[in-house]
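Letters are used for the chains, namely A, B, C, D and E, taken in the order the chains are written, and counting of residues starts over at 1 for each.
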């Protein structure tokens, strides 16, 4: 029982969604993407803007159509907690949180294990780029709030991208930006007929479908597409150094497909990098005009 | 705020006095402090003063759905969060060991010993039961919170009246207290807790320790009994070892105290009933 | 028009006050204040040691803790804590005790409506008992506008509040007449607006009401608060004299 | 205290007067300003000093900040509010009883019941010099010390000393061995400072005991036997709100119980 | 703005002069007093001036209703989610409307991670009281099956960027989001609630909330014992103000809530002034909502 919030009922559940039989719904059998005009390798258009959080040292807001993420960076600031003793290098800590209304099912205010895990991965993906050795006994806090999530791994990749832009916007020394992109393995095949619509919550466990045809690699999948994915991969990458900071792969697919999808992701990251640079240049111009 | 240790002088004097058979507030070893019980205007509100220790107990009730596996079982819950009002040692929302001990004691004494007949709280099996809640507010801390809380809790439960209900098939009507005489809870027995503070390796024991005595004691022994000399709970929280016959001796003393206190409670309830 | 609270004959009648001070031995000051069937006990500790985290170099830190009669404290109580603290902050001369804590704990003992007002009155009496320096005393009353009769009822009971179309809590200090030169800092008087009308120190209204209704509530409550001031003065004076006489050796 | 204010005090404000004729004053009450004709009578307007419980306002007026009885010296040049409370706020020159809580190279840290711990210099004892360190070296945590507040100031931790600055002698300041210490209200402590206080006088007639009274509301009692000390302590505690008559009977009954 | 403040500070201390920002850091209150006494504020606003305000409906498709509100540097997003819950025993045909404001460490360095601060709780409770006591929504409208199932509306406000006056922003976002709410019509069958998954929502397969009124607020901060009124204070101003007057009005001009806390006692002239200004301000807000 949460004493620090206006109390509501202990348990609430989303209603069961019932689809009319004649209702036409997208499935991979149609051999096109959920957004029919997107090719497998196409990303969603990215809107990326810095400096929307007035009180933060640096901030960024990213939008991939429906997916919306805000990121605020605070610091470097002296480490509050004593007892840690002297630390030669600074610490980067990331907090990743979904707004309660960001997903199909309502999220809790309190961080759940998934959010904790993602926070950790985020830290791992960003740390290599930040010159923490220059910031002894100080901490940089990166806070991320997902306002709407249309596709989990793509949303998470976008979070990394936004976070690294926010860090740069905060004027924190980095050896490179970190761009991130995700890909899903989806079998686009008629043989997989009578595709029963899986429960709306399916985002992690992929339906165990057996098929001869290898899955298609579709970049930057949205929620509908994720529902049908065999697995997915997320790559965080430092474009100008051409180094990968993090790879997150799940699901069972052939090795060749994995390496191939990494290629695709890196390609995509380079595209995203252009957007990031543009956003940062813009922010500098604004600073000057002020 | 942290607890302030008593001075050496207080510590040594208290022990010296005990060895001379005296307690600092002039009590005998096995005397309780004066117990005052007063009732609020509404049912189930009781203020208990044990010397300078002061506690308010408030009973409330609501109709809720029972657990599926215990369809006829009502609910009895206690809230024993110690307010900083009792002493700045206690911080709002932060639990201290003392708080844990007190709440466990109350649990054992009241719930485990089935002092209250929770079956009797059923309205419609599997559908509606009464949930009885006892809020225990610690207002002033001069030692022996546990015993005082125990007295306050049981007295409040005995004083409480719940609204009457009539059941017609599935239809339940709860009659406001103004319209129909409310119903007392059915209490099986009256558990009373008696705490002994132990000094000089148990050579000296006193009941109902004050705050200073608690700070200096080497250990304590808490017994919960009812007038039928049934032991509902016995806890010897750490401190020094204690021979069995000491425990037996304590239980004998406790039995007497329980008798006295129970009579006081019943007298107070009777007096209040006359007034209404 | 008869009130739901049948013990009272008129709309502007307050329930009998009663109070007692210094009834807790642990606290530095304490007081219980009753409006009829509503009663609040309040304790004050301080000026005392303050946590480094809350320490203020130029003044005392005021902490208010509100505890409900039934159930654990929730957001409602937090809101009350804030209201009480922000009302007392300008009253307590905290500059006299920098780097210290003044902790006020508010415990509802009986709840039959108008609890916030009862609490504020208990708090000021507890502060007086603790000898915390104050630049004035305050008094508080609650009033409602009845949804059926549209009448303004002072010091409503729970039952009456349930039928209210709006609820209003007010606090007035005892120097409304004196120009407000309270704050230690020098004044830059630009909004010189002393219109002589009653000046609420704290006001919290919810429900549905008009500006006229509100201002009427202000004026009616002001009179009632003066009665509260009078009561507090008498109660405190009586106690002080009692102490004094008993010590005439 | 507060800075002197140019003012000649008029007779007490005519607020509610009680049969006792005492003038009870509450926070927010103003000290009456001077009536002009008075000031003419007075040859030279004296400076009045404000004692505890009174504060000058920005507009020259004087306002009470504590509830109590308005008091003034016969010459009416010093005004203060006589009030009672439990919490001690140090003020220099007062004698207090402290409990040693810590020790550094230069200082003992004492709990004197105020908001901040008080500092007692290790040299602040009679005849203490670098070479001959005071015997209180031995002093460790939990000891009781009878000290004098040397420096008190709202912005600094109070400082103590264990000797009388005028004589440089200990004059009774120093460690309190044995006996028992207990808390009373500051008001009662102030009264107990006077050895002729009724309750002390009465007890003295029956029981020999030594006592040290700290303005900070701590009273130390020592006597031949624990039972005596207990009796004295309780008698003093009980005396707080008793009229002289009640006090006498209270002490009598206690003595009889012995 | 910078230029004015420099001249001000220079005028203040002819002996040695330093930049306006330094002066502001050293003596924030003095810095403000200088401005206020000249009837302007460091950000160039007049005392009674509100910051530019924008409102956008339906910004989050995963919510049944949503709104993004910007008041100057303060940005909040309210998302209303409708889920199914069991009604209370004593109100079997009433649903739930639960507003909560989240002031995360992301939106300002003054907020720590962890449970909601006192401020967040107080704002949530204030909004909760307005919704309840000015009877914005009849909770029986949210009944699905009496005693069995009702709708619970979680109106969660997430503050993206904090720069003061959170109450006005949060209330505005909640009311706009509620007006934007669309819930699929439910069917109840042996304890199972189903809704149609139709792509396009119309009044056939879904319903909107029927709001009795739309309370909106204007908040003023009280600066210093002079009780100068600062409309719509930003974070820096809030930090040095001792009190607040907040007025909440519905479209008919009825007052839904009025609170005055802290600072010195305030004259009725001042209160009247606040109510009057609040009327014009809330009318503006209503037209802003309508305009989009």
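What we mean here is this: a contact is a pair of C-beta atoms (placed from the backbone, for glycine too) under 8 Å apart; a residue touches a chain by one contact, two chains touch by 3 or more.
In UniProt terms the chains read A = Exoribonuclease phosphorolytic domain-containing protein; B = Exosome complex component RRP45; C = Exosome component 5; D = Ribosomal RNA-processing protein 40; E = Ribosomal RNA-processing protein 43.
All figures in this text were calculated on a predicted structure; none of them were measured in a lab.
The set of chains touching chain B and also touching chain C (Exosome component 5) is given as D, E.
At the centre of the protein atoms shown, by the Cα-centroid criterion, sits C. In this assembly, D is the chain whose CA centroid lies farthest from the centroid of chain E. Here B-D and B-E were compared by C-beta pairs in contact; the pair with more is B-D. Relative to the C-alpha centre of chain B, the farthest chain centre belongs to A. Averaged C-alpha coordinates give centres for chain B and chain E that are 46 Å from one another. For this pair, chain C (Exosome component 5) with chain D, the centres built from the Cα atoms lie 31 Å apart. Averaged Cα coordinates give chain A a centre that lies 30 Å from the centre of chain E. Inter-chain centre distance (chain D to chain E, centres taken as mean C-alpha positions): 52 Å.
Touching two or more other chains at once are residues 121, 124-125, 128 of chain E.
The residues of chain D never reach two or more other chains; the list is empty.
Counting partners per residue, chain A has 4-7 as the residues that reach two or more other chains. The list of touching chain pairs reads A-C, A-E, B-C, B-D, B-E, C-D, C-E. Partner chain C (Exosome component 5) is touched in their complex by these residues of chain A: 1, 3-7. On chain B, the positions that touch chain D within their shared complex are 4-13, 16-17, 20, 22-26.
Those residues of chain D that touch chain B in the shared complex are 99, 111, 141-144, 176-181, 220, 225-227, 229-231, 233-234. Of all the residues in chain C (Exosome component 5), the ones that touch chain D in their complex are 28-29, 45-50, 93, 96-101, 128-131, 133-137, 173-175, 178-179, 181-182, 184, 186-187, 232-234, 236-237, 240-249. By the touch criterion given at the top, residues 72-75, 78 of chain C (Exosome component 5) touch chain A in their complex.
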